[in-house]
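Notes follow the structure.
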Amino acid sequence: VLGALADYVGAELSGSICADLQIKDLATLDAAEISDLSLFSSNKYRDAATRSRAGAIITTRKLGVLLPGSMRLLYVANPHLAFTNISYLFYPSGALQPGIHTTAVVDPGATIGRGCQIDAGAKVGRAVTLGSNCHIGANVVIDCGVSIGDECIIGPNTSIRNALMGSHVHIASNACIGGEGFGFVTGPKGVARVRQLGRVIIGDNVEIGSNSSVDRGALGDTVIGSGTVIDNLVQIAHNVQIGRNCVLAGQVGIAGSAKIGDNVYIGGRSAICDHVTIGSNVRVAGGSGVMRDAVDSEILGGYPAVPIRQWHRQTTGLARLFGRCGQQAP
Amino acid sequence: VLGALADYVGAELSGSICADLQIKDLATLDAAEISDLSLFSSNKYRDAATRSRAGAIITTRKLGVLLPGSMRLLYVANPHLAFTNISYLFYPSGALQPGIHTTAVVDPGATIGRGCQIDAGAKVGRAVTLGSNCHIGANVVIDCGVSIGDECIIGPNTSIRNALMGSHVHIASNACIGGEGFGFVTGPKGVARVRQLGRVIIGDNVEIGSNSSVDRGALGDTVIGSGTVIDNLVQIAHNVQIGRNCVLAGQVGIAGSAKIGDNVYIGGRSAICDHVTIGSNVRVAGGSGVMRDAVDSEILGGYPAVPIRQWHRQTTGLARLFGRCGQQAP
Amino acid sequence: VLGALADYVGAELSGSICADLQIKDLATLDAAEISDLSLFSSNKYRDAATRSRAGAIITTRKLGVLLPGSMRLLYVANPHLAFTNISYLFYPSGALQPGIHTTAVVDPGATIGRGCQIDAGAKVGRAVTLGSNCHIGANVVIDCGVSIGDECIIGPNTSIRNALMGSHVHIASNACIGGEGFGFVTGPKGVARVRQLGRVIIGDNVEIGSNSSVDRGALGDTVIGSGTVIDNLVQIAHNVQIGRNCVLAGQVGIAGSAKIGDNVYIGGRSAICDHVTIGSNVRVAGGSGVMRDAVDSEILGGYPAVPIRQWHRQTTGLARLFGRCGQQAP
């Protein structure tokens, strides 16, 4: 069957490989046995790859030359992508079990598309619209007026209100979409809450991780463009606008009214200040705090964030000035 | 009706405006039409204000002179506050629908004030006290002994235990109030949990955001003073004491036994170390890590946090030392 | 009864104390009355201890000499541990009320050990295994196939899937265990999700705080060793491996495939980069960002993290260079 897998992803076989080999599962380099297919995609794992007993290993021609000639390799241009595509052959997504659990509470004024699965304890409010083939997890709460497209998955214990979302959106567990934005104004009687009236608009193919919060807009809307993926414990404040195909890693925070272009990658634990504008194709290193606008394709790092090469100069320069061998010992 | 709105917030009308103009809604400068009222409160949005087709715009006299003389302006001292007050005229808070949903589980030993709305799947334990006109969201879990004042709102999927709170408290969705503090002591048999016996005491008019955690005290209590507002994904550890009218932005973390005065503003993503004491009227810039005590009215920034002017000198100085034009190229 | 308490923890009594004194409760130094036992464990609280009206105070001989000779002291080597042990005498853990609430939804294919308490609205899926004497909180969602050992406590509104855990594991409220890892690969058709197939393996005596997320592994597993304790709002990404008896404070983030040894302490708000390896007995100061491997027993601080003494030299050196008295004023 190996030959069929190779064809499926357009791979070439190394000389030492037999296209008849039976591949039964996928495994890491360390754990793989003769019937497993594995992945070697970074120099860092060269030792593990050399020792691996995998039946075959997907890699690139360039990485392949690092391994003994006797190893059974599938050469492709993008091993991660090929491996991912094969993983869906081995582990197709679980089939939905359409129907509404008897303990779910679905308002009669909600519109539920065909093929939807609504799990135990879920609440679906008045005037909610669900497209077809959605999976609403246990104890999810969807407030009145929310609109959800086709083939969306909402994880258990997630809360959604004031939101419109496209199709193929996945929201993980314990997330909160559409809560009140954090807007206050100081008046003579103390702090007054600014009335939040906007929505959260989510495009197609968006992912939002567990324990993440996306607040509704104050007057305008909070917008997350199609194809954008967001990790766990991320905070998206009111009126943030995020473009298409962005990647926001874990614990990122985007403050109110910040504007982010397309194809922006933001490393874990980074923060973007309120009202800041970030162009397209920007990269932000993990842990950064971006306090100023960034033009297209800038690469930033540090707190406060500066161009990444400058940040590297600063951190290595600091280490030189005050490092172990310096005369600045305490 | 514009004249009535102006009277309501004590605004003066610019010369070009007609008090008879019908205002039907609120909108951003970009989206507003002739029947909408909009807000111009910062120089940053001058272009949008100039282009706006809003029927009228609330602003200050000072900002107003930046706009063409033909624009229809309402002058007030604090445009945000005026706009907020008007927003409550247009969008009054939703009326409660008093009653207990049939799928909610309310212990017979709980005391529920009049006018409360308890949504589907909520659990209210033994000896819980709810004041009048509270709204308990779907799937909220309130453990035995919790006391909640009047007109409180608890968002869906939030968990509350070991807590006493005043009136007009709003807790958003998926928050956790009163969990066990993170206290461990190392003994001969490894790590032992320190028994947590305290409570969370929350004053009046407090707001707590979604996915935030407030732990109970170990022996004494964790305290959040009246009028304090807390954003999403904030961590308040055991025995923290926060004064009145503080503002804690998103992803802030306050470590165990830290003490914070009144009117303290803590920017997003900042952290306060354990056992640190922060005076009143202190300001902490976003992203800071405060590792030492701060006296009243200090303004801090950086990690570790220093007086903000020193932090600015440090960051600009670093950029000068190792910046683009320097001779320290990598 | 004081004599009995002293015997229980092996304490010596100071001269001024009477072994017959009745101790009825535990309290902080400030709040304690004559019938209370209190704790004095750090020089920082010397004033409070001197003023305390506690019936008796647990402390060390070394701290005891700081107090007036008339105070009633119990001398032990580790006051925190002694106080913790006594606290369990005064406040034994609440007894379980075995049984499944009528509104819980337990799949007939689940195996429930004896003595378990399953609260209102909890969902327990097919092929779930619960050991004996577990407490599953209200509205918890446990997906099919999860295995949980004996005497585990799962807090309200927590979601668990793709996980195997040992005994005496405590998971707080609103946590998410076993969600999909954040793995994407860029292909010609945009961002494709990497199929996540691994599990979360949790040892014995593990604690995980509220609003924390632990993702399942992609191919291999995410592993948390026995005795490790994790605070609130912590992110553990896919394929992270954490050893035994580690302590991760609030808002820590561990990125994908990072490997952490035994007895590692990570201060609040610190982050460990993906694919980084941290040895055993490492200490990481709060707020750090660790971007490189660390050998056993290293002590790191800063962003990017460096050896802690170097970090202190850097921060004090920076303050000297650009501090108040310098000539670099803005």
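All chains are identified by letter, namely A, B and C, in their written order; residue positions are counted from 1 within each chain.
FYI, a residue touches a chain if its C-beta (ideal position, glycine included) is under 8 Å from a C-beta of that chain, and two chains touch if they have at least 3 such contacts.
Note that the structure is a prediction, hence the values are computed from the model and not measured.
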{"item": "Overall pattern in which the protein chains touch one another (line/ring/star/complete/other)", "value": "complete"}
{"item": "Same or different contact residues where subunit B meets its copy subunit A, judged by the half mark", "value": "different"}
{"item": "Inter-chain centre distance, subunit A versus subunit B - centres from mean C-alpha coordinates, in Å", "value": "27"}
{"item": "Shared interface positions of subunit C, touching two or more other chains", "value": "103, 121, 139, 157, 174, 211, 233, 251, 303, 318"}
{"item": "Parts of subunit A lying in touch with subunit C, wherever the complex brings them together", "value": "26-28, 30-31, 39, 44, 78, 80-81, 83-85, 87-88, 91, 101, 103, 119-121, 137-139, 155-157, 170, 172-174, 205, 207, 209-211, 227, 229, 231-233, 245, 247, 249-251, 268-269, 286-287, 303, 315, 318-319, 321-324, 326, 328-330"}
{"item": "Subunit C-touching residues of subunit B, taken from the complex the two chains share", "value": "103, 105, 121, 123, 139, 141, 143, 157-159, 174-176, 179-180, 182, 184-187, 190-195, 197, 211-213, 215, 219-220, 233, 235, 237, 251, 253, 255, 271, 273-275, 289, 291, 303-304, 306-307, 309-310, 312-314, 316-318"}
